[in-house]
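The structures come next, written out as structure tokens.
Shared between the two complexes below is chain A, which pairs with chain B and chain C, respectively.
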Partner chain A sequence: MADQSDWKVRPFQRPKNPQDWPLTPQCESGYLATSNSGWRTLWPQILDNCNSCGLCFVYCPDGAIAKGENDFPYVLADWCKGCGLCAKECPKDAIRMNEDDQK
Partner chain B sequence: MSISIKTLPNPEHFVGHKACGGCGGSLIVRWVLKVLGEKTHVVIPAGCMSAVGFIYPQMALGVNAIISPFAATGAVLSGIAAVVRAKGLTDVPVVGFAGDGATADIGLQSLSGALDRREKIIYICYDNEAYMNTGIQKSGATPWGVRTTTSPRGFRPELDAPKKDLLRIAAAHGIPYAATASVGYANDLLKKIEKAGQVDGPSFLHIFAPCPTGWGCEADATVQLGKSVVDTGLWPLLEWESRQLTINRQPKKFAPLEEYLAGQGRYRNITEDEIAALEAVRDRNWRELRAWNIHSSVNPDFG
Partner chain C sequence: MSVQFLSGNEAVAHGVRLSRPRVVAAYPITPQTVVVERLAEMVEDGDLAAEFVHVESEHSALALVMGSAAMGVRTFTATSSQGLLYMAECLYYTAGGRWPIVMMNANRALALPWNIYGDQSDSLALISSGWIQSYAETAQEALDLVIQSYAIAEDLRVRTPVLVNLDGFVLTHTYEPVDVPEQEQVDAFLPSPDFPVGYPGTFNQENPQSLAITAGPGDYTVFKFKQHQDMVAAAGPIREVDERFIQHFGRGVAGLTEGYQLDDAELVIVTLGSIAGTVRTVVDELRTEGVKAGLLRLRYLRPFPTAEVLAGLFGPQRSAKVAAIGILEKDISFGHQGTVSLEVKAALYEAATQGALPPAINFVAGLGGQEIGLADIRRFFTALAEAAQGQQKPLVQFLGMEHAQ
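This part shows the complex of A and B:
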């Protein structure tokens, strides 16, 4: 797998025939069948005073922060759990934890 | 370019896992795989990181990975290292991520065997200081004073043996590289991962991994606790290399223990007298470390 954008939910269809089940105890590396967005009650909103230092990207345990244009961070709704670590460690106080308004 | 938080590579190899929000262990797995890259082969024994990474049919690791029996991390790593060697591969890091229970207790002989055979493996113990995956039972690495479900009053029997010293156990095997690190000191940790990846032979990293669920702390406290455990002197940052001990960070004055203990439900019983006793053990530990440090630099062969 490469960048965050490669990590997508790929719904898992339960096979009808036993021979169609994966032979190994799980699917191939990086096969994600379910989103984690339902875990969240808070959503990190990145404010304009962010200076793109990248610390939030470093500290997110879920790899849920990606770098966009000019390294400005954005949050991936499927993987963010709303833990607030990014906001706590942001040196510019540029992340506000709001009530989750994402899907 | 040497690794740091500024140069941490963008590719992700651990996403979509089911660890609790703010889990220190999962942050360590993510960082290590970023540093070592997509060719890494991973072994994870029974424990939180395998439970949250491999949930059928999901596979949250983007690299080759296998769950080993609880006691067998070192043995399974050795098997993979043997294949890598037999195939003449030189660019495949073989890395294990084991909890403190899997390392300090049940997997200790398997680890010892792998270190003794000088396998080219990187063994990482993410230390959340209890058996978390099965419900917060006390392990050999649970510090004195910590409340777990099997030590409800919070105390190990002997303050004199506050927790198994995994660095010394690893170093006693005479391996080329062993180190301690903490999620609170990211640059130090990242450099140690990079070094471990370059060692010809076994390397061992013992990494402090806060666990909000088992410790009763806030999910966003992980990095801050990882700093204060070092600043209070409870978790020295060390490197054992070429038979010599380096103390990477020597706080001139330790931060008060209360700063670290507050906000952790697992320490909620602790009294002032007990904190003073903990301080005394910490100070003794530092005296011994400094003596080891001086001794090993004067006479590395007997370090």
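This part shows the complex of A and C:
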């Protein structure tokens, strides 16, 4: 698996000439051309009572949750749009949506 | 090559079989059903090595072949009328994703009132969806267009899906002798049905791609600009494929339009689809009576053949001036004119700077399966002759409603 600390926005270098753009709306995987963080007003904070069940990892619609040491989840700042779905789904109430302090 | 007695639908099925798609998914709908039935039989009999997928709707049919195309294989689907409209979302999706899908559409009226007979309002409603659109005149041309469509759609310069239209019943269900090429001939004409590794818009294990990506406000425009540019430029590859087809199979038409008795015609009917055959017959009759009638048939509506239309009507090869133009179509864009009329007139504007344009009448006929007879087309030419002499005529005329307009 790729080094998750690298999971940052890799800015898409927009070519000047339209002919140099991708031939279809596609992109090498691993890119996020625009950060989702601008959509966010709340930020999911993962609390200590998390038992690493992995549900939030599965449910996050943007794949913004990664698994860290011992599968303890952490949130990718550029990718999370702050929807709160993870907090809603967490069976342990181990995610708290706070004021966004990551931007 | 063997000559078989085939309906338009059967000719399409043979064209598809010979093109060897790897995946076929379609939902049966009158008057397209026979295409799906024949293809199912061909797969069952081992004449076509394709995955034939039963789907619960037209929306699913096109979504399914879109996914298959993204896996890198040739695909086919077919629909008609309400089914095409139900697919509408996926039409834009596939065109935007630039997947080289080929679809047959049996042109049929749209509800309400409920009507299962032929007219062209279904495909014309989706003319802006980003699909190349062609219209067959005969079953032979339908078979040929299917094979040509794969060559066009998969061309790296084009990468755009193609909708091949056949008039419902009048063409889908009538029989004619059709030259069915041998498999080896078609294999030599088309590339492999398995796209090369790295073909745009396909999954790639070595170099993983995110397909069907999001593009924000500025980037979206670039993709749409390219889609438009490539569609406009597709006229070139279409002509190349036509010419290669003629060389390879010894028949066909080169170009997005076809003229008949056009170069010295004073009264010209511009039309599309199977009704062109009836217009040819009337042109022949009128010619024996000394009337300089002619036909300009639109084989493709997207990309719109502006240059060819202008050349056909005003080009230097002409020996007479066009005195009146009739645009005959089985469609009405409510509140304005028929869609084809709007398209043709937009092209004519390009010629308006060169001088006054002749009068043009939009003949809306054949709606919901209405029969268009020889006598009707004669009346259209008479109306054009009167318009050419300066008589004021309604710009849009519905066949059968003369007493009311």
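Note that in this section the second predicted complex is superposed on the first by the 85 of 103 C-alpha atoms of A that agree within 3 Å, B and C clash if a C-alpha of one lies under 4 Å from a C-alpha of the other, contacts with A are read in each partner's own complex, and residues count from 1 in each chain.
Assume a contact is a pair of C-beta atoms (placed from the backbone, for glycine too) under 8 Å apart; a residue touches a chain by one contact, two chains touch by 3 or more.
All values derive from a computational prediction rather than experimental measurement.
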- Tell me which partner A:85 touches in the superposition: chain B (first), chain C (second), both or neither. first
- Message: With both complexes superposed on chain A, which partner does A:68 reach: first (chain B), second (chain C), both or neither?
- Response: neither
- In the superposed arrangement, does chain B or chain C reach more residues of chain A? B
- Message: A:28 in the overlay: touching chain B, chain C, both, or neither? Say first, second, both or neither.
- Response: both
- Which partner does A:18 reach: the first (chain B), the second (chain C), both, or neither? second
- Query: Where on chain A do the contacts with chain B and the contacts with chain C coincide?
  - Reply: 12, 22, 25-31, 33-34
- Query: Where on chain B is chain A touching in the complex?
  - Reply: 5-6, 8, 10-24, 26-27, 30, 38, 54-65, 67, 186, 212, 218-224
- List of chain A residues in touch with chain B within their complex: 1-4, 7, 9, 12, 22, 25-36, 39, 54-55, 57-59, 61-64, 67, 78-79, 81-85, 87-89
- Message: Help me check something: in the complex, which residues belonging to chain C touch chain A?
- Response: 96-99, 156, 159, 200-201, 207-216, 218-219, 222-223, 225-226, 229
- Query: Which of the residues in chain A come into contact with chain C in the complex?
  - Reply: 12, 14, 18-19, 21-31, 33-34
